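Just so it is clear, A, B and C label the chains in written order, and each chain counts residues from 1 on its own.
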Amino acid sequence: MTDGPTPTERFIQGILPENPVYRQLLGLCATLAVTNGLKPAMTMAVAVGFVLLSANVIISLIRNLLKPHLRIVVFTLTIAAFVTIVDRFLGAYMYQMSKALGPYIPLIIVNCIIICRCEVCASRQSVFTAAADAVGQTIGFGLALASIAVIRELLGTGMLAGIQVLPAAWPSWVIMVLPPGAFLTFGLLLGLINWVDAVKSAKQGRKG
Amino acid sequence: MGMTIQTMMRDVLIALAPMVLSAIYFFHWYAVKQLLTCVAAALLAEMLFTRMRGRKANLGDLSAVVTGVILGLSLPGTAPWYVGVIAAAIAMGIGKIVFGGLGMNIFNPAMVGRAFVMIAFAGSMAASGYVASRLNIDIMSQATPLNAHKQLGAVVSLQSLFWGNTNGSLGETSALACLLGGLFLCIRRVASWEIPAGVLLSTFVIAGAANLMNLSSPWTVAHHLLGGALLFGAFFIATDPVTSPLTPGGKWIFGMGIGALVMLLRLFSGYPEGVMFAVLLMNSLTPLINRLTIPRPFGGV
Amino acid sequence: MEEILTDNTPVPSGRIRNSNLAQAWLVLVLALIIGAILAAVQVRLSPIIAANKLNETLEKVPELVLGAGSAATRPSGLEVDPGTVKIEKDGPDSFYSVFHVVSKGAPAGWVVKTVGQGYGDKIELLIGFNPDITAITGIFVLGQKETPGLGANIASLKWRQQFIGKATARPLSVVKGGASAPNEIDAITGATISSRSVVGLVNRTTKDLAGKLAPEIVRFSRQVKKND
């Protein structure tokens, strides 16, 4: 159980090489639902980050007590606890944001990123590695959400994080802040990233 | 009879001429501007996106021009220039090139572009976007016939619908022009006659049934057939050979499905017209219709 | 999630170790600890959340009755009494949350909370009335999920301002472009359905409550003083 990626490797991998959204295609429900603005997207990233870090640390601490056939129950229990805390916290201190995010905060419970990290990393590696993994994955998730949210909010409203960026005459592309805009933006960005990769590996192939 | 893509597209362009002329006759400069914008943007987008895929762009096959003209004819003359440009870019990019280019696309490219701008710029594309009272063209200050009927219960005369002196998308107003161009397409066998026949038949049956249930309604079967984008859609949009079924039986099913969906949307939805959504929905069923109607050799897999 | 770990731990032998309880001890202990933590969080935060919900409405009440200008000056001696009123109809009785506003001892008006179906989802409205319910003093959209850029404009100040000062004697009606009669409201371009929903909701509320709102009819739950 001790061999495996080091904390630094885990941290780096989560950001780009194993980006939860673009590489593992996890947590897409939240990715598509809350990226119509930079503010809700970043709130979601922070909320997922808190739950992921807490769950990873707890699971890693009790990893030697886990029974294989009961581990999913323990994961879900831990995750649900922290999601409830986040949900109540937002309701108490960021009421408008909590209303805007609606059911998507409680839905973090079924966000595959967290249960995947518990399974792949936290239940097998030390607390420090699990924490580094959680931070790396959160940064990766946050970057992915930001990339989609910036495009959607900018084209859809001419604003960024609620501040007017483009000239007021900008004709808002309303479709971008609606659900089809989420699918289009995500699909095109995913295609772009794969295209860049294909070009890169083709170049390397020629060199070698 | 050897048809290349180029001669086929040339025939489509000839068939589109009556609508282009009627659009210019009724909407003057606004039609010219909108059509030029859409064609130029479609050509540019085709060139750009095929380059990105590392292929040589083949603008000579005229398919991008056809998409541009059909798109332009399906927009209101009042729509600002960026609406045409974005619609053309989406039509070529998301409607065609991402699927692998001409012949590979699932949805009619022009309708993909139009659907995008219709939702993105509802202000200039929804029924109220067609009305521009400041302009010195009379028909453009009226509501479109279908919307006038849906919102106000007003009825436009069949004569106006036939000749085309009503407001609407550039190419759809004149039933005469659509019929002329459409019949040419069918005679040249560029379009399969089964598809428009299916659309018109099912529209006729459903509109007739609706008419029988409410005999006093001034909006008759003939209004449903001649008004809106029905004829333009039936002859020019639904008949796209790439996105419609292959067998005659499949084409009947496809056409009748479109007619039924159009009537469903016209009678029961919040939108006054439904040709675009109907074609896109039936496009998505085309592979399924092909599967059901193409006979397989006995014992084949 | 797919099960990646393989079940290769030896099955514990013996009757006690094999029982479900013994195997699930970790789950039970965790559940107890987490339950305790969540209970503490709930006790701590639920009053704040409840207050947030009430404040969201209360904050808007003075503005809806007195107008944005005079409400901004934070008039003193303003009292807001939340209560409920029961309207008996043919179907099931409906209840409205109402707020009676009293300024320096004199009745200043009413604010009513009402919910109805919009284009996308339910629309939640606050409607302000003058003391004898003959005129609307303002409306505010508390919650809506209409199409952004179109129907969502029902929440815009510009559109809502049309309602200020409308008489309640005749039902309001929606027109497209250029409201001229005193009971007409301009529809939002491209969002006729959302506009009609709001106007219909205002009309229904007005009809339900006309003549029914009097301080002695409404059951007030408690008093909230706004003296700051």
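Convention: a residue touches a chain if its C-beta (ideal position, glycine included) is under 8 Å from a C-beta of that chain, and two chains touch if they have at least 3 such contacts.
If you're wondering where the values come from, they're calculated on a predicted model, not measured in any experiment.
Q: Linking chains that touch, what shape results: line, ring, star, complete or other?
A: complete
Q: Could you tell me which chain lies farthest from chain A when each chain's centre is the average position of its Cα atoms?
A: Most remote chain from chain A, centroid-wise, comes out as B.
Q: Roughly how many whole angstrom separate the Cα centroids of chain B and chain C?
A: The answer is 44 Å.
Q: When the centre of a chain is set as the mean of its C-alpha atoms, what distance in Å lies between chain A and chain C?
A: 31
Q: Measure off the straight-line distance from the CA centroid of chain A to the CA centroid of chain B, and report it in whole Å.
A: The mean C-alpha positions of chain A and chain B differ by 41 Å.
Q: Could you list which residues of chain A touch at least two other chains?
A: Within chain A, the residues that touch at least two other chains are 174, 178.
Q: Among the residues of chain C, which ones contact at least 2 other chains?
A: Answer for chain C, listing residues that touch two or more other chains: 147, 149-150.
Q: By residue number and range, which residues of chain B touch two or more other chains?
A: 122
Q: So in the complex, the part of chain A that touches chain C is made up of which residues?
A: Those in contact with chain C are residues 36, 62, 65-74, 77-78, 81, 84-85, 88-89, 91-93, 95, 99, 112, 115-116, 119-120, 123, 156-157, 172, 174, 177-178.
Q: Considering only the defined contacts, which chain B positions touch chain C in the complex?
A: Touching chain C: residues 122-123, 126, 128-129, 151, 270 of chain B.
Q: Which of the residues in chain C come into contact with chain B in the complex?
A: 119, 147, 149-150, 176-177, 189-190, 192-193
Q: What does chain A use to touch chain B in their complex?
A: 171, 173-176, 178, 180, 184, 191
Q: In the complex of these two chains, what residues of chain B are touching chain A?
A: Contacts found on chain B: 80, 82, 86, 94, 98, 116, 119-122.
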